[in-house]
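Below are the structure tokens for one structure; questions will follow.
Naming follows writing order (A, B and C), and every chain is counted from residue 1.
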Amino acid sequence: MLPYLLNLAILLGIAVILAWSLNVLIGYAGIFSVMHAVFYGAGAYVAAQFALHVSADFMLSTLVAMVFTGALAFLVAVPVLRVREEYFVVAAIGFQMVASTVFITWEGATGGMGGLSGIPPAKVLGFELISPAAYLVLTLACAAVCLLALVALVRSPFGRALKALRDDETAAIALGKHPVKLRLIATTIGGAMAAIGGSLYAFYVSFVNPESFTLDYSVLLMAMVIIGGAGSLLGPVLGALFITVFPALLNFLQVPSSVLGPVQQIVYGMMIVLLMMFMPEGLVSAGKLLPGRRK
Amino acid sequence: MSLGLNEVYKSFGGNQVIDGVTLEIEDGKVTSLVGPNGAGKTTLFNLVTGFVAVDRGTIRFAGRNLGGLSPQAVKRHGLVRTFQNLRLFLDMTVLENVRVALESDLSMNFWSRRNLAQVEKVLRRVGLWEQRQKMAGELSYAERKFLSLARVLATGAPCLLLDEPAAGLDGPSLRLFHELIREFKNGGGTVLLIEHNLDIVRDVSDRIVFLDKGRIAAAGTPEEIFSNPVLGELYFGIRVAAATAGEAGNAAR
Amino acid sequence: MLFWQLLLQGIAAGAGYALIAVGFALIYSTTRTFHFAHGVTYALAAYAYYAAVQTLHWHPAAAVVLAACIAVLFGVSVDALVYQPMRRTAASFLTLFAASFGVLVVVVNCLVLGFGNSFYSLSGALSRGVEYGPFVVSMANLTEIALAAVLIPLVLVVMRRTRLGTFFRAMADNNELVEVFGFRSRRYVRLAFAIGSLCVVPAAVLAPYIGGIQPGTATVVTLIAIAATIIGGIDSIAGAALGGLLLGVAENVGIWKLSSAWKPAISFGILLLFLIVRPTGILGARGRRA
């Protein structure tokens, strides 16, 4: 039981980090990105390659992964953010599809369909992390760092400018804010943070392949943020909790595994529909029960 | 530091909304832009502040050409505007609304004492300091109008373009508004004001400009304008005789 | 040689995409709704046809009617039950999109529960190949091209020459204005969804004869329809058709030189290219801000 729970906790921690990173785009910058698994994957692959060929030091690998993924996010965002809202959604999906194909075909970097395996255990300050408990501590530490970063972001002038942009873009522009610049930076930050999740995943599972970084997972991440409530710190946590724990619950209730996948999706889908209709602010707004305000 | 428009033209889909406007807004003075709905007043604001590009003509401020600049750049050059429908950040507090106006968006400077001092000064002056933690969406109508004003005052910009800033304000609020404008003007600031309320226009302006169908129909001091029977009739629909008596009464208020 | 064969297949696929894209574009341009669940309409119609013919042994014509009814019913219902209530609360574009997406996820997975994940196909007169010299084309492909060639111009004619079309175009230009003038735009929104949903039916009922159907195609089809619409120019129905044709051809010809793993990436690669280089699309003229 304990190993199972530890595993669940670690995966939950990674999901929370990913959901938080996506929230920077969706909740703070108002960018409806359905391609976040690409940044997760990029972070995982870079960390994996670094660990395999240079050093298994966790902080170093993660840093490298963050820089690379942040740069990738920036480069993708530059052309894509210039398009209108509706197009951005589709562009993001399009980019995800292209990226998935790249993950599969670029054997040199990603190991193709087979992926990269045999990733050495993470080293923190010289110590090799082997046990799940150790990885849990590492995950929690990373989550804490991410939380601090997010709190700092929200309280900074940058965070306020983003909020103003979401609230009334025209007024924000009149007061000197640059929407594209702000969104570019937010996307870069979100991408870099996703790389943390990717790195944790790569070291913990010691194996990465394209199947973990598909459109389906991007959609799941988006669902976490939306169901939990975008734009808040607690929302993504609730969303990640719900989506990570729910399948485990279904398992417990002995729902047959052939039916598990679709049933999960149906529940998520229904939740998204109902929430968007009646509680667009997500689960986190359950206390308020306000009608959704126009963006 | 004056704001000058020279032979500005703008049309939208075949409609000549601004039809050759040449205007000099004097420094340190309050100029009111009046005219019927659809005369092009807000379009003029949009042209000056970079939200819309001119078809022909130039707009200069403090010796620099504002043509082709983005609204953000225009703000950097010292002109800020308000909106007729306010456009407050309703999901942010009063304090945050003003902070956002002052701050540079890239600064990671969380806690600039100077910024906060400036914010406090402005909020106290407009009487919103006590409500600084309230959401802008929870404010009363008059409070919202003053928050809109506070935002632009806080930026420290020397030139304000205010779109119907006093509409719907009464008695004490109106007096506060006059005081704020007068203070700003006395500090060397320039104000261009769109307003429909004639009492406000008369009391606050140093100069009045009439815009009609995209052209300047008349311009002058309040005395010149209001004592001109033709203009009075045409634009205000007042009969001069009755008006004189009425104005005397209003002036006494 | 292979190239021409692939080109032909591409045109056939493109014809199907064009029909679906036209439906999406009609709905979007008139109601400004990003009907992400449009692909579901396609999938439901396809499965309805399949079930009617295969399981219930209906005559294909009757099955087509059934598929059409289901498509229209679904499109109009989603609008009435999900989109319209949300429009009333002035939900943002993204909230509407998310809800639409949710509908897609729910229905696709219901289809998975009902039919499973494997491909279902039908064989019959339509799936038989026809030889034209060195090329082989299936009857279904030919039918699809023929239907598209007839129906799409028909839609365009309706848009240009009929009162309904004029009204649709007025809605596309300015939805609020239309409401101000007191027309019952609600009725026309429903019509837009009905006709838009109907457009997918020819492609949907032919699908079991061509590649087979699978619940996952709903998502892919939606994405391609949207891509085609954007590439063609978001306010242009003819553009959407053109975009669909272009993508169909590109996808099939593309695998001449690239491995088939690249197939999904091709369409999106083209879409991204357009978004960066020419966001207004092939036939789009206005880059209107929402």
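By definition in this document, contacts are C-beta pairs under 8 Å (C-beta built on N, C-alpha and C of every residue); 3 or more make two chains touch, one makes a residue touch a chain.
As the structure is a computational prediction, the values presented were derived from the model and not from experiment.
**Q** Through how few touching steps can chain A be joined to chain C?
**A** Steps on the shortest route: 1.
**Q** Taking each chain's centre as the mean of its C-alpha atoms, which one lies nearest the mean of all protein C-alpha atoms here?
**A** A
**Q** State the chain with the largest centre-to-centre distance from chain C, centres being mean CA positions.
**A** Here the answer is chain B, farthest from chain C.
**Q** Go ahead and note the Å separation of the Cα centroids belonging to chain A and chain C.
**A** Here the centre of chain C sits 31 Å away from the centre of chain A.
**Q** Centroid of chain A to centroid of chain B, CA atoms only: how many Å?
**A** 45
**Q** Round to the nearest whole Å and give the separation of the Cα centres of chain B and chain C.
**A** Computed value for the inter-centroid distance: 50 Å.
**Q** Residues of chain B touching chain A in their complex?
**A** Against chain A, the touching part of chain B is residues 49, 51, 70-72, 75-76, 80-81, 83, 87-92, 96, 99-101, 103-110, 151, 155.
**Q** Over in the complex, which chain A residues touch chain C? Could you list them?
**A** Residues 30, 32, 79-80, 82-87, 89-91, 93-95, 97-98, 100-102, 104-105, 219, 222, 226, 259, 261-263, 265-266, 268-273, 276-277, 280, 291-292, 294-295 of chain A touch chain C in their complex.
**Q** Chain A touches which residues of chain C in the complex?
**A** Residues in contact with chain A: 34, 82, 85-86, 89-99, 101-106, 108-110, 112-113, 223, 226-227, 230, 234, 259, 261-262, 264-265, 267-269, 271-272, 275-276, 279, 287, 289-290.
**Q** Touching chain B in the complex: which residues of chain A?
**A** 152, 155-158, 160-161, 163-164, 166-168, 170-178, 181-182, 185, 293
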